[in-house]
Every structure is written in structure tokens, then in C-alpha cells.
Amino acid sequence: MGRYSRILAIGTAICALTTSAAMADLVKIGVLAPLTGPTASDGEEFVRGARLAAKEANANGGIAGHTFEIVTADVVDHSAANVTSAVERLLGTEGVHIILTGYASLSMFEVELMAEANMPYIAAGPSPQFAGIVSGDPSAYDCCWSFTADFKGYETDVTPTIEALLAAGHFPLDNKTVAIISSDNPYSKTISEGMKSAFGDAGWTVTVDELVPFGPVGDWRPILAKVRENPPDVVINTDYIPSNAALFTNQFREDPTDSVVFLQYAPLVPEFVELTKENSDGILYNAIGATLDVDAWPRGQEVAKKYKDEYGVASGAYGTGLYEMATVYFEALDKVGDPTDHDAVGKAIVETKRPVTSGFLEFDPATHVARQGIDHVPVTFFQIQDGGGVMISPDKYKSGEFKKPGWMSE
Amino acid sequence: MTLETFAFLLASGLVLGGLYALMASGLAVVWTTLGVFNFAHGAMIALGAYIAWQVTQYTTGGAGFLLGAGVSVAIMFCLGFAMHYVLVKPFELHANLVLLAVITTLAAASIMENAILLSWGPRDKQIAPPFTGNIEFLGTAIGIHDFVILAIALAALLALALFLRRTTAGRALRAVAQNREAAELMGFNVSRLVAMTIGLSAATAALAGVFVGSLRFISPTVGTDPLMKSLIVVILGGVTRFTSPIYAAFIVGLAEAFSAYFLVLYWAPAVLFAMMIIVLLIKPEGLFGRRTRTL
Amino acid sequence: MKYAPSFQRTNGFWPVVIALCIAAALPFFFTETHIRHILILIFVYAILASNWDLSLGYGGIVNFAHIAFFAIGLYTYGIAAKIIGLDPWLALLLAPVLAIAFAALLAIPVLRLEGIYVILVTIAAAQLLFQLVVSQGDFTGGTSGMVLIPRLEIVGYRLSSDGRIGYYYLSLLLVVFSTVFLYKLERSALGRAIKALRDNKYYAISRGVSEGRIRLLTLCASAIFPGLAGAFYGAYLRIASPDVFGLGFLTITLSILLLGGISTIWGPLIAAVVITAFAEILADYGASRSIIIAAMIIAVVVVYPGGLYAAMQEIWGLGTRLRTNVTAAWRRRFQASLRQEAMGVKDHLVETRHGPVSVCDTGNGDQTIIFVHGNSSCKEVFRRQFDEFAGQYRLVTFDLPGHGVSPNGNPDEDYAVEAYAEIIRNLVDSLDLKTPIVFGWSLGGYAALEYAARGTP
Amino acid sequence: MTPLLAVRNLTKSFGALVAVNDLSFDVMEGEILGIAGPNGSSKSTLFNLISRIPFGADRGEITFDGERIDGQSDHRIAKLGLIRTFQREAVFQSMSCVDNILVAIEQTSGARGRQAERMADEASELVGFPRNFHNLPAATLPVFYQKQLMMTTAVAQNPKLLLLDEPASSLVESEIGWVRETVSELNAMGMTIMLIEHVLPLLMSVSNRLLVMEQGNIIALGDPAEVTRNPAVVEAYLGQPA
């Protein structure tokens, strides 16, 4: 077994070599991202957003005398083993004093690792899971902050928004029925459960209540058959995987019912419209933390433009999001001055009160999650019109009006 | 349940069944001939889809679709042919052939998936379906494209069956599957025949990939789900005859459609796996299988 | 007569001791948690792969639900420690018990099937278990898994403190226990029965081996340490998530096992280090990393179907041959006078069908006596005979291939009594020895008999 | 005297082919029962049915040492002391010779460690299997020694009834001598033996009684010398009446 140890020694020596060269005034920004695997397209955005922010800061002469560099670590398929390895790699890289991510694991368990290492961590993963870990003992997690705002709005805001559309006379209300379809993952499931009770409280009847296994869905037709047997006023699908949502849209349009269709998250991903083409015109969706690329919110327009100028493609929520996370860090570092003082950086982040692309950012000290609401990060509703998302609500930001989808009867 | 719903589910199940039949028959052919399970079958489906997608970027419409499918099938046949010499041939006579083939095919799947990721990027794509619009089927509307694909899939399977039964090369393949030693003694170039089998299997995978890519969407990992489904189909049907997995594919497709309607889609995978275990326990050679092996 | 040397007397003893010392000392050289984390992962993979070898390599049961033992250990620990509130150490010990129970359950379908059907039924069983785990979200956390699983502490000392040193040594301890367990088991009556059943099923049954019982025991025994490792993993990462059922985890472990070589205990341990270290070194290469590792696995499997361990032994053998060849050449070159002193004549190389051999030939006398030495001896053993008979006879003796100062032969062809007889024949021809008296001692005696049996020309 | 093995109405078919047809016979304690018959007369199948390895009979009763064994599991029958060998030499090829013997001892006697090793030595001595081969991998042995090793593993289990399936096939004259001596010696020690053999001189010289089978039927059973004069036997072997 002599070889065993020799290979180990060589391996670890090479690891050590690659991680030790660091410059004193260079701060490395660690980015956890799926660089390979099924969500690699999101991962690419994470890195681009952070890179853009670092490039800009460096061009402006740095922050508090520091320049920045991005180091990435691949979380592949978001499995616990891969996320842990990626986190450990970043924690073990000299010069890393901040870690950012769009999302690393669905459960946010890595928050624990960051807290143990006292590494400033700003994440945009699912906020309920984040809050679940932090709220037990907030002071132990002073370094960890969720850029994603509270998800409560996803559960509560759909019902009033649709009722408002009804009230505005956009379409008749037959019998207040809704079909709710969800995928078995915490994000989709929590939201659909919340919606069910919200619709129930408002006096609606849930005609179809379906849960599909998490992962690719090959055929929505049997579920659509159920929907069609008793056409509801509203059809909701919270499966957030873009290809699933796109297939759902295409198959729905084969024989549409006279219903408003609401999808969760997926239409935000650029390829959704590419995959569905004109089939998706008229679909409703909402977002907490989407870029407010509207006249009413200059910050959103500014960053979205920067990103597009730099990379030639429009950013989804994560490109601009990571850019803003880096900005939040720069602001905190500017106050503290010393990037190695992680405690102080963490405390400076909590004081953040500034406009970002998704709204006005302020953290809730009890959960370390960004506050949600019309004056903070709003829930914004969109409708796909002519292949693009038009914000139709809330009134404060909206850039267009609801149009009756082509498949609905006059 | 109304007649429309029934017709709708029937159509949905048949289209799924056709797809599964195409995927599974490729897997079954290799299994019968070599006795190994090809874990790269899913990745071959993905690669076939991407090659066709690339072709449709230059030529659009129905011609582009056909050309894409043709090019993809041809390239994948050659790739499958070559795979035999790299992944199986070197240790063909080794006692642990089955296991070693598991690991080499898994590795090959990883190489293909990551090569796709490097060449085409991670974002979902769709092969533009040449036919849009719906047709009426017993009072319900189903995409024309779905029906065309079902027809092509059946035609392809029929062609493969005819090839295996009526042509000299096909008979030789069946001879190898039935008794390799005897085939060797009779002077067949067994290696080339086996490579041809894998090539044929890759070609059907490519076709399945093109269909999946036009009915649904493609991403580098698009093959994972089809691989599992083909596995279930092959186990249920058995591999003793070429037609066994095809029947099973339609059973699985219809069962999926109807159980998703009557039960919940949520439990469909669990039911399928439980079914698989039960079938393996009671009749390991498959529902339509006999104990002897033939193609 | 049974000669099973105790471990202290095998070739493997010192390498293992040295490796163990290095493993015990490593945390003092690598204080970064990152490297310790990788080492802990290596240990976990080593346990998984080497125990898998028990069923797959030794038992011939291709159990693709092996990772499910690990998953069961993981979830048992999670549920027992977090939801039921059991003491974490007790939960750790409960994990292998449930893993064994699952193994026993798994044995029911496995016992009735053979070959590839075992692969299929175990894949199905693992998938079914996965569906079950995911569907019971209230206990298991569903698809995202359960977080904040209680950690392990020893009287208030967290094993994660001081750069996870506690977890490092705990995992090292698990590897050591697991390896000792496998080593002992392989040499026990049960181990012999397991191998006998794999080698020749019906013969084994005819000697009283109960197929059902042994297969059941094989599966159960292979579940113990994976179950324990799963619980350890849960306590270490503090998360139990269903991705352990995924193809990724299975592929890595299987790669480690097959790359290391099946039916060896040490192979998977070595491969765990190689693959994990390799994956870590290439971590920055994204998709190319997976391609490189997959290509490497194919290359090794294609060139060495026996795995790294077989390759290492072969290389070791080559090294030994090279070393002995060099020593023999050196002795031929520089110590000729020493031997000449003993034998009275100078030796020289004579070419034969089985390579050159070193020959002493007194060269005069009508009647020749050829002396052939025994196993592990050399021609100089006949120096007294040379003293005694010189002058009366022409005396010839030589070093067999790989003996004395003759170069090594080809192991497949040259180390056989037939080959030795042919060498004698070649010598008789090339030195023109006519009808010699052939004197053989021990192995040389067989060679002489063989020579005689071929008929003197 | 009660027979050690009593076979009644043993029948086995493979599809339409009746391989063993309603066989009944006894094996007496201490005797050597020779079994002869042309190729394909189901001699080995008879051993298979008695030992249930790899399959049992469709019908019939088998009583061994006062106990019904036709319903017992295969390895139980071996543990009762009914031990068979195989026509083709069989070894556990990945194991050393001594481990081959030890498996047999450990599974039946429950002996472990030094005691089992001593029993392995004794069995090797009895059969004449060279003890200095003990640590060689069994797969590397020449055919003759593999056959010897298989016999050693059988003897190591101290069988009451030993079923030997063509121990002399593919052996040369001197090696057949070894079979003759070993079979006689084991029998002298009190072991009951059933012996299938094509080498007739060997079979004739050691058997107390001779059973001749043809196409799954017994065509003769009795004193070897008489049986060979039986016209049915001669016809079975020569294909025409004498």
C-alpha cells in the first residue's frame, strides 16, 4: 500500500500548489455555481454577473484598496456531496473572503458550513429553507444572508392579482374554479400548498389537485385530460423546470380550455419562450426578485443594460442578481475596509438598505432573508406578449396591460 | 370518463409506447447479442438528438427534419459500430464481461453527455417539428406531429424486424445472438456482426432521440429518463424475441397514460418499479419471453 | 498442511503499517479543512467500494442496490437523531442494523435470480426505495432532504472542531475496522463458503454450502459498514438528501471498485485515493473533467481488466525482475573472480532456446558430468564436486534461468522442468558434450529425469 | 438388514423425454454398487436426482439412512452424509487446494481452525492427494490432481454414502490404478459407494453389485459377473443380440 500514500501526497501537493498563490490586496470572490450538469445554463449566468461586477469595481480602482477576482467551484447536480466539495474548495482557497451563489443546494444546508467557517455568504436559493436554518439561532449565522426575498408573496399574491384582473373585466368569472398542478419539490410544493389555501380562503374551488414527481415529465396529457373534463377558470402549474413547463404549455395549446394559465418561475428562463414560441403568448407568471427592467425602476434598467452590453444576451434573474450581491458586498467592504474581518463584513451587510435590480433591499434580522413587499422586493406579475414578458402588476412598476390570451373565448 | 378523454389517453399512450418501443428495442438487441446492458443508450439518444438539431439549423422544414434524422442515424450507426471495438471487444472473453461492460458504458455515457455540454451548451433546445397543427381523433385534438412520429417509429421497427428476419446479414446477427460459438465455428466474422448490432442499436437510439427532441426538448441529460424507461420495458417484455419489448413498450405507455389519469402521476414510477420487481421474481424472462434467446 | 501466514508475515504488512502511519499523521501536515474533507470522502468511498466487493467480487452477486445500504444508514441516522431524538451515537449504531434488515429483504428477490437479472432487480429495488424516501417528505425532507441533522460530540467536544479532526479520525477508524472485518471475513469459514459458491455453485452445494444462507449472509455482511458509513456521512455533512440514490454516486463507487480490481480488498482502497484525488485535481476543468476521468476509467479497464491492483502487482513484478536482472548482470561483470575462486573455472554465458545461462565448464576430459542445481540454488553449490572430480571428468554446471547470475527468463515459458531439460539439451549440443552423465539435485533431478525421458541422442 | 439408500419409483422428465423412468433399487450399507450403461442412459441424472443437485425428481421416494430426503434441500442432503462428485473435474478455482478441502469440512462437520486443518490433512492422506500441493491455487493443478482434490473434498466430509461419477474418465492406466485403490480403501473403511464408470475392468473389479441402465431404465442388477452375461446388457452395449 506504499503507492496509496504516494499518490495521495502528490494529489494533495498539487491541490496545495493551486490554492496557495495569493496576492495581499486581491480579494477573491467565490462563486458556487453549477458549471456542468442539468442547470449549467443558470450557473453560467451566476459567474457572468459576478464577473461583471468585479470587472467594474477593478476598473474604478477597487474598493477600499482591494481588487477582485472571481473563483468558481462547480456544484454539478446540486447533490450534497458535490456542494460540500465545492464549498470546501472555496473555503480552502486562500484569499476568498466572500462567497456568492444563485443557488447551490435546494436545502440550503451549506449555510451551516459557511457559518462554521465564518465565511460571508450571500445566496439567492430558496428563502424558506434558508430561514428555516437561520431562524433557530440568527446570531450564529451573522455571515449568511439570503438575497432572495421571503417567498410568502408567491403563495398569497396570485389570488388577489387574478381577482383584480377579473374585476377589471378582462374576462368573465364562471364559477371560481382553479386547477393546481405541482411538482414534488419543496419550492413548487410549498407555493402550491399556499396557493390552495389562499384560493380556498377567497371562496374558490380547486377542481384538479395534482402532484407530479420531481424531474422530467414526459407527458402532461393525462393531467390535461382531467383539467379539460371540468374546465376551470384558472390553471396553475408550479413545476419550475423550464422544459416541463414548456411541454405543458405546448400540450395545453393542443386543445386549450377557456382558462387563464399561470406558471411558476419557468417563463423567466429565456429558453422557455424559444421552446414554446407563439404557444406561450398570454401565459401569466410572477417573480420575486426578477429584474425590474422598467422605467419606474432605473436601477433595474441600468444593470440589465450593462449585462446585455457586456455579454450580448439579456440576463435572467441570476445574472443581474449576482451582480447586485457583489455590489452589496462591495458596499459592506467599503465600510469595513478589511476583507479578512468577516465578523465586521457580516454586520455591515445587515445594514444594507439600497435599491437593487429586484427592488429595495433590506434584510430581516430574524431570518437574514431580504424583506418582501411593495416597498421592498415586490412580487411582480408578467404576461408573455409577442414573445416577451410584460409586467402587468403591481401598478407601481407595471410596463403594460393584461391582454386576453388568444385561446380564450370572447 | 367520456369517449373523448378515453381517445385522448389512448392516443397519448400510443405515442409514448411508440417512443418507448424504439428506445427499448435498441437496448434489447444489444442485450440479446452480447448479454450486456448498455448504460450509454440514454446518452446515445441525446447525442442523436443533438446531431439532428445541428443539421436542422442549416436546413429547415420537413426536409431539414428528415435530413437531420438521416444524418443522425448514419453517424450514430458508425459511432455504435466503433464503440464495440473500444468498449467491449478488448475484454470480450473476460470472466467479468458483464460488469466491465457496465463500467465502460457508464463511462462512455459520461463522455458523451459532457461532450454534448461542451459542444452545444446546457440550454434546452428543440428540433423544430415539421408538422404543426392538430388532427381530430375520436373527437379530441392531438398534434399531427405525434401521429407522424408514431407512424415512423412503427415503420422503423418493422424495417428492423424485416432486416433481421429476411436478409442474410440479419440472419447472421440472429445466429450470433442464439449461439455465438456455433456462429464463430461457421466462419462468421462475429466481431463485425456484434459491432453491427451495436451500430443498429445506436441508430434506433438516434431516431428515438430525434423524436424526443421534436416532441419534447433536448438537454445534455435528456437521455437519463429514456434509459430508465427502456430498462423497465425490456425487463417487462423480456428479450427473447424482437417483438417482446415492443408489446411491453405499448403496455407501459398505455399504463402510464391511464394510470396518470385514474391514479395519480405521482405514484406511476413507484408502481412501475414494483411491477418490475414482481415480474423479475415471477417470470425473469419477461412477460412475453421464453427461456431461449432469439432475436 | 495449511500455510496461511499471519498478516504480520505477508508482503502487505509493512506497506499497510506505513500507509496507516501516514494516514494518522496527515492531519498534522494538512490543516486546511478542504484537504481533510477530501480525505474523509476518500475514506467513505473506500468503505463503500471495498464492502461492495464482498458481494460483487467475492460473492459474485452484482448488487446495484449497494449504495442503498449507505442511503439507509444516512436516513436512519437523520431520522433517529433528529426526528426521534435518539442520542447521535446510538443512532450511528442503529444505522447498520437497518441496513442489514434491508439487505435481508433484498436477498428475497436476489436469491431467486442470476446474472444480469440481479443487476436489474437491485436497480429496481433501489429506485423503489428512492421513491419511498422522497414521498415521505414529513420524515425525510422529500427531494431537498433533511438539514441540521445532529452532529457527533464526545462529552461536549464537537468532532467538527479544530478543522474536523474528530471526523477525520472517526472515518479513519471506520476504514480500519471495515478493512480488518473484510480481511478476517475473507479468511474465515464463511469467506471460503462465499468464494466457493461463486466459483462453482453446484460443487459448493454438493459440499454442504447452503446457497440461500450464504447469499443472505453475504448481502447482510456487505451492508454493515456502508450503513455505518452512511450514518457517519449524515453526522459529518449534517444533511440527508436523496441524491445519494443518483447515478452519479453509484458510478463513482463502481468506478472505484472496478478500477481498483474486484476480489481484492486493497484495490478499491487504492482506487478511492486515485479517483478522488484525480477528480479534485481536475475540479476546475468542468465538463472536461468528467470526460478525462471517464476516458481514464475506460483506458484502465481495457488495458487491465483486473484493475489497478493487478496492474500494480504486475508493475511490482516487472520491477523485481528488472532489479534481479541488474544484480545478476552486475555480479557477472564485477564478481566473476569470486566465483572463479570457488569453482576453479571462469563462468561465461551460453545462449540457449530459453535465453542465455551462465555456465562453468572445466573443458577437458572425455566423459562429461553435468550438474543441475535445485530450486532457489545456484551452480556454485557444486564447488566441492568440482574440486573432487576435476581432472577425471569434464565438469559442466550452469545457473538455471532466474537463478545465480543467469538473467531472468520469461515466466510463461522458461520456468518449467521441460524448459530446463531443453536447456541441458542445448548445452550438450553447443558445448559438444556427447553423452554426458547428468547429475540433478532436487529440482535439478526432475530436469535430469525429463532430459533422460526425452532420450539421449 | 435395512438398506442405506432406498429409491422407489424415481421419475424425471424433460419435456417429452423421460430421462429416468420409475426406478427402484436399494443400496446396502457397506457395499460398492457399480452403475454402468451406455452414454445417455441417465446415469448422471440418477445422481442428480438423488443429491438434488442441480435438480430433484418429478416423482418418487428416496430414503437415506432411515430419513426421507426427496423433499429436503440440496445442501441438507449433503450434510446428512450423502456426498457426490462430478463427472468433469470441479474445483473452486480462485482458492488454494487446502481451502477447497476446508470448505467441505467446515460446512459439514462444524470443525474450525487447527482441527479442520488436521482433518484436511487426514483426508489428503487417505486419498493420496499430495500435501505439498495444499497451498497451490486449485486452478493451476493438472486434471488428475483436480480429480484427486475433488475426491479429497468428498472424503473430507466423512460421507456415509459416496456417489462417484466417473472418477476414472480421462485418466491414464496408472491413474486408474489410484482410483481402484482409493475406492477399495474407502470401502474397507466402511464407506458405502455408488460408482458410475465407463472403464469396465475397474467397475467389475471393485463392485459388489452392478446396476446397468439404459434410457432411464434398469435393465440388470446383481452380481457383476452374472450381469455381464445378461443378454439385455450385451445388447445395450453392442447394439445386437449376442
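All chains are identified by letter, namely A, B, C and D, in their written order; residue positions are counted from 1 within each chain.
Methods note: a contact is a pair of C-beta atoms (placed from the backbone, for glycine too) under 8 Å apart; a residue touches a chain by one contact, two chains touch by 3 or more.
Treat the numbers as computed from the prediction; the structure is a model and nothing was measured.
*Asks:* Once the contact rule is applied, which chains count as partners of both subunit A and subunit D?
*Replies:* In this structure, the chains that contact subunit D and also subunit A are C.
*Asks:* Sort the other chains by how far their Cα centres are from that of subunit A and give me the top one.
*Replies:* Between subunit A and the rest, the longest centre separation is with D.
*Asks:* When the contacting C-beta pairs are counted for A-B and for A-C, which pair yields the higher total?
*Replies:* Most contacts of the two pairs: A-C.
*Asks:* Take the average of all CA coordinates in subunit B, do the same for subunit D, and state the distance between these two points in whole angstrom.
*Replies:* 51
*Asks:* Between subunit A and subunit B, what is the separation of their C-alpha centroids in Å?
*Replies:* 36
*Asks:* Which integer distance in Å separates the CA centroid of subunit A from that of subunit C?
*Replies:* Each chain's C-alpha centroid was found; their separation is 49 Å.
*Asks:* Please compute the C-alpha centroid of subunit B, do the same for subunit C, then give the distance between them in whole Å.
*Replies:* Spacing between the chain centres: roughly 39 Å.
*Asks:* Which subunit B residues touch at least two other chains?
*Replies:* Subunit B, residues with two or more chain partners: 114, 117, 224, 266, 269.
*Asks:* Which subunit C residues reach two or more other chains?
*Replies:* Touching at least two other chains: 131, 135, 287, 290.
*Asks:* Two or more other chains in contact with one residue: find those residues in subunit A.
*Replies:* Answer for subunit A, listing residues that touch two or more other chains: 36, 184, 213.
*Asks:* Pairwise, which chains touch?
*Replies:* Per the contact definition above, the touching pairs are A-B, A-C, B-C, C-D.
*Asks:* Looking at the complex, which residues from subunit B come into contact with subunit A?
*Replies:* Against subunit A, the touching part of subunit B is residues 2, 5, 8-9, 11-12, 15-16, 114, 117, 121-126, 134, 140-143, 216-217, 219-222, 224-225, 229, 256-258, 260-261, 264-266, 268-269.
*Asks:* Applying the document's contact rule, which stretches of subunit A touch subunit C when the two form their complex?
*Replies:* Those residues of subunit A that touch subunit C are 1-5, 7-12, 14-16, 18-19, 35-36, 72-74, 76-82, 84-85, 88-89, 91-93, 105-109, 112, 116-117, 126, 129, 132-133, 136, 184-186, 189, 213-214.
*Asks:* If you look only at subunit C, which of its residues touch subunit A in the complex?
*Replies:* Touch list, subunit C to subunit A: 12, 15-16, 18-19, 22-23, 26, 30, 32-35, 37-39, 41-42, 131, 134-135, 137, 141-148, 160, 237-239, 241, 243-244, 246, 248-249, 266, 269-270, 273-274, 277-278, 280-281, 283-284, 286-287, 289-290, 312.
*Asks:* For the complex, give me every residue of subunit B touching subunit C.
*Replies:* Interface residues on subunit B, with respect to subunit C: 31, 35-37, 86-87, 90-91, 94, 96, 98-100, 102-104, 106-108, 110-111, 113-115, 117-118, 224, 228, 231, 235, 266, 269-270, 273-274, 276-277, 280-281, 284.
*Asks:* Sort out for me which residues of subunit C touch subunit B in the complex.
*Replies:* Listed in rising order, the residues are 56, 62, 109, 112-113, 115-117, 119-121, 123-125, 127-128, 131-132, 135, 247, 251, 254-255, 258, 262, 287-288, 290-291, 293-295, 297-298, 301-303, 305.
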